[in-house]
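Next up: the structures, one after another.
Okay, so chain A shows up in both of these, paired with chain B first and chain C after.
And now, the complex of A and B:
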């Protein structure tokens, strides 16, 4: 009986100790998570804490969530909407439209902030502004977007947008950008993307990510049954591109890949 | 003092004495026996031993000798006595050995046995004399008792002597050799005694190395040669019979002449040399091997071969051969272009084969178990089942053929079965059915064929129909047959409905322009016909149909009634201007439409008929053919141009009404036999089946995921395959496509943590 009582009291002490340790630990790990989060995303302290809290202090999930919902987390200091509207007015083409930048106007604006409109970085600009329609930026998107980003001068835009190229080297940020592209490139709630658009997007965005991109595009173009690209296929392709290596050696047959990807592997191996 | 033989003295209690009874060793009052005295006593003993060996013991005084031995032991000269005895026996054996070896071969073994007998007797006597030593010295000194010592010395110095053992070996083998070739009368007793002697001396040290080993090796050589000779000169069954006879002989020999322990060993040698070594040759031997037996269907020989291979526990190669033979026949038979024309023939062929192999299994490939029950050999049974499964599934059309086969048995006709025969046929059909991997395809066709039988009142026996479905149900469950049972239910309800309809009509004083009989069928139970939406019905029929609809909707509001024009029949009366008697013609609904069309017309092109009746191409052609054919009992009702063959019928072919129609009977039935589908139709049906499978897979995935909320891809695929086992086998690819489609339709999503895990989206 004595032994039992001893054990019980000891285990009670231990429980208390672990509890104490866990609160200490958790505040410590929270601080670590916040600094890790900031390192990855270069977001502010307040945002890091907010996002991490929302995701239950899971760093991975928090980062994904942050990138996928950028527009929900504004910069510490919002940009002056009036100033931004003026920049918009400067570039818009009155004869075409006063509410949207597109065509030549868009081309001029992008060139104006030192972004090559021909390059994929221009898509990243649209992602930052959370645009919804391909090839155009509406006034609202322009003003609200830049305001959230805290950019209200052409100069500030230039410096910030120059950093955009780095998203191609940041796997998490790129994933969020890549997945956003699907919605961006499909019209009005359609669930599939036309093959031609998908091919051109892959050409622009995947060269540095997917070693077998050339083969993939060849396969997709040859495959006449494949006319549309589903969201699942679009998303899984990025995983596949990152997973299988240069020569498909790491491909797992039972890996739940979409059938089109299985077919590609077969086609590639035959070749 | 009384001296007891046991060597103890006993102090007898004097009646007056008060002491208790005491036992104590007897001590010679004359004092101790010294070395010399002991030697002297041993000399007497040694002398006596010599006498004993010379069978001259009658002059000896047992008492005297015993006391000598007793004294020697008592005075602790046991070692001297024991070695002395040992040496004396050995010396004697050495002398005897030369005598034995001098014997002629013919009498050698007998003489050896005689010596053994003598030796045993002698050693027995020595033991008796030295009983005291055996009891008091031997156990303490850790020595062998005298008798065992004598036997051992005989073994070491007589039998194990190389010359002696060599002779034993060669003489024994000669005897056995002669016995095997049947030359001399078997000297079994001699051998038995020899074996007995050797095993008595030592089985492990004498019998096995000297006799058994040589016997086994010699047998191996013998059977090696014999197998070769037998095999080249006899057929396989003859060979096996010889082998079995040899095995019996060897067993018998061991029983009569050798030691029991040799039996298994010699059997093993014979089996190895004669069966194991020739296993493949036996199976493959041309003109009499397994293949030849199968070709001539010699069941007894197959049984023989099976039993022979069973002896070495290796029936696999034979079973493989049989399976290959069966497959060779079957895989060709079910796709043979001539056979395929006649589904009944194919099924009959398969049933016959199944029967044949069942019989083979019973007669040749069964094992008798301890409780006297015979059970089929599991290897054979499994292999044959595998083969049939492969055969049955080789032809994709087989589910249809099987259903046609059942149809042919259940359909009214000339070769109607008796009640008790149905059961036998059904059991056979079920055997094939169990082999089918695509049971859902069978179900589809069965539904079609059953519908035609029921609606055309062609079914030969309602009980038989139900009994077949009952059988399917017990085997494959309610799901499989619920729709089929629903069809029967509809038929019953329809009969009642028609009764009510007739009352309804007469109660209202209405009159239907023509008699109609309607079956109201539940859409989900019955095969969906591709009935055209709007068909130009003849006015009388249309009005009658309207009237029924009015009645039916009146009592079942909310139901939707659509007419199936492809499944009905019609009785028409044909009045010809040239003939006074009218004919009754029974046709299907489509033919009715065609014939009614000719009421107002003398002739029409194929295209016109098609436009009027809304029946398209192949269907129309099929309905037209019985109308234009010259039949045994009557002339054709419609005429096609003389020079146009059936194949050449196209849109412009003109059909004319036959004014000179004649028939030997008043009632003409233009029955449409259910034929197998043509290739296009089969393809369409397959497409339909594929669609249904997609739907079933979707439903199953959603159901499963709804219950589990989240599941690994791999497990999901496995469970689905298991779930559909028996109905069809979905490929992992099929399943994947369905999953992808469900992801797209947002029933599922990939888990954020792992891309190979799915979550259910409510």
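And now, the complex of A and C:
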């Protein structure tokens, strides 16, 4: 009997290794995965199962996928769109023709849900709502976003948004947020971000994550040849921050780092 | 008699008697043999009788073994004969021979042994004859040694075993004597040593164990001593290798003359080890007589000897070729330095490099057997120093590289009309060899292209010479490398054809070509990029240009002609007060001058407008006409030799020069792009193509693997900078040709 079980588990690991999208898994380990998933993301059972299945029951990938594509996975209980719409109308500036929250209206709204508009947390709000244009929240984004999150009262929003600060401590969530931030800050057609915008974004979002941020910003500002930041550089910067921490000697110069980061390390070591 | 009592007709007792009788005779004759041998085998007076007796013995042995009714008796008889003859020999050896030999020393031992051994060999010979039948009938089927072996064994135990150590000592002492320069009796040596071989019967085991090994030991020790003393002598290092050579020859001779044939290789390798391997570093690296010193003083014979000797030993040439390589590198770097101080003498530099290269070709061929180690050494040395850039001291931005120098050298050679075809061929061969060492081959291509285009269009050059070099390059680098160059030559050759067809076309269409109008069509991709100026041609030129364009368009579809006026030349007939002249000028200069056919005074800016040229161009053109060597134009106002927009010029009617036909040197033609920039650009494309190609084939690669693969592919053309490759990879990621793997950031994937 023991032999059989060993054989089975061995074959299971083999299949898992060779074919990622295998569905040969015992229900026990499936349940395990689902409960793990729920612990991390506090999503519902159904969603957990769906995401895990789509990622071949690979917990890591499932969680990453979930955070990156929040809008695909609505909360257990959808918020009442009518109520949400009312909140939107309350804050929207009636004089403006477009159906969007921006400028002072946006400022007021954010303060209204206890989110400091100056802080990077405000960006996180936009992320949660899956906004596309910087500095604005459209009606649709507002209504659908909060609905998906299951928040239809200001109070609910306040509590939920307060939790947002935690993403800076959760590496996976932060990564998804950070990567989204790039597309948010660049206009539609462009593949690169202006240096100035990048710098200000980094200043706002990276301090708790990137110990060498100050040096990095100094380097970037001094470097005149660097005018645009590509998506690759943006994403890789986070990886770099995580790999190196505050000890730049951990840097592996044979790793496939973008040339700009190589230059940064050289510059840093020369100082 | 140990026979079985047999019932039967033949009485065994009878037989036994018969046997003993026969034996007496046999015993007697065998004894006679032994006596004879013992006395030195002086030919017995009754020699024939001796032979007859032996024959008789043979027959009797034969009879005893065969002619009897019972096979068993025969076997018994044979066995008896065998045993008794053996006893006889043993007795003889013990009583007579051993005592002569044992406890003798030195030469005495040798002499006695020689005698004893000679004698015994005779015994073996005759004994075998007499008892021959035993070998056929008895020994084979009864698991006993054949006669020869048996007799040798007798000798072995009676004599050899007792004296073998002493014998070996004696022999070795003799060898030592001979090495010291004395003569010894080599024949005796050979025989004595042969004894060891014979004693081993079928194998060399005894020989190797009892003689060869001690011999090799002694040899090794001897040469150890000698080499140490030679090297410690004052100035001994200079003669060392000669002595080594001598020693090796001597030892070889010695082995041939008295050692067994298998020993030769053992001896030689042992000697080589003691003389060469042990002292390899010491000899090669000696500051006065080592490889480097010999190279510096160009002692080719000594180098040759050094090569021959060290080629014998394992890994002998590694160190030597290393030293050669370093030395060539130093020489090369010295050349670099010499030609960097002061103005870089292009021709001199290449000449010096070629000379250096040649010097060693000769050395390798004559003294080093064209051994590949050294060619490799030279190659790596050249690759290092030839690719160092020579920094011009003026502090120009562009460092001069050997790519450029080599290209200019070729340029000069092609333009040199005095050089003979054979000389040229030889030099071209050498140039191509030098070319292989350059790492930035694509930069060479750019420079060469630029210079060749000038040669083809402006100067005169021999097409055959051009083709010769191109085909050599093609052989080395493959067709893609030389395709553009070949294209250029083809264009030029087609030019004449095209011209002919054009004239025919004009005749056919009834168009007149006013003057001698020749065109040359250049295919854009092959030629370096030329600046296209938007010239508004004068009427004389315009109609011909239109005709040609028409002709060309009907000849080939979907091609666009662009006129490169900056390359054109014109010959004008000019009437001056002091005589008519023919003036060779550039197209622009011609335009300016032709304007004066209609007006006397023209302002500079008007000229610019008329021909739709940028003012800079007109400025230069007028300058060459008014302030150059041949001042055919004169300015209305005086002043500095600078052309301003408002300046007005007129033809200098009083112009005079002794030549009837002359060329007005023109403006410096627009440089068609800096080869360095072009090369950088093309490298970017080539690198990207390489990356995409590799990724497409492999689908997924790690960063390091991709880098390695690309470097391998690209080094054929130039030395790729890893940074460049990295940058291209990033660019390709940005353009969505590649992507990073989500879980492993060092892995790239190809995006279809």
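Going forward, the second predicted complex is superposed on the first by the 244 of 271 C-alpha atoms of A that agree within 3 Å, B and C clash if a C-alpha of one lies under 4 Å from a C-alpha of the other, contacts with A are read in each partner's own complex, and residues count from 1 in each chain.
Here is the rule we go by: contacts are C-beta pairs under 8 Å (C-beta built on N, C-alpha and C of every residue); 3 or more make two chains touch, one makes a residue touch a chain.
Being a predicted model, the structure only gives us computed values, none of them experimental.
Partners chain B and chain C, brought together by superposition on chain A, clash.
By the document's definition of touching, neither partner reaches A:44: not chain B, not chain C.
In the superposed model, A:179 makes contact with neither chain B nor chain C. Within the superposed three-chain model, A:153 lies out of touch with both chain B and chain C [touch as defined at top].
Among the options 81-89, 207-215, 261-269 or 405-413, the segment of chain C that ends up inside chain B in the superposed model is 405-413.
Across the two superposed structures, the residue set of chain A contacted by chain B and also by chain C is 61, 64, 191-192, 230-233, 236, 239, 254-256, 258-259, 262.
Chain C contributes residues 702-704, 723, 726-727, 729-730, 733-735, 740, 742-743, 745-746, 748 to its touches with chain A in the complex.
For chain A in complex with chain B, the residues that touch the partner chain are 61, 64, 191-192, 230-233, 235-236, 239, 254-256, 258-259, 262. Residues of chain A that touch chain C in their complex: 60-61, 64, 191-192, 230-233, 236, 239, 254-256, 258-259, 262. Within the complex formed with chain A, the chain B residues making contact are 713-714, 732-733, 736-737, 740, 743-744, 750, 752, 755-756.
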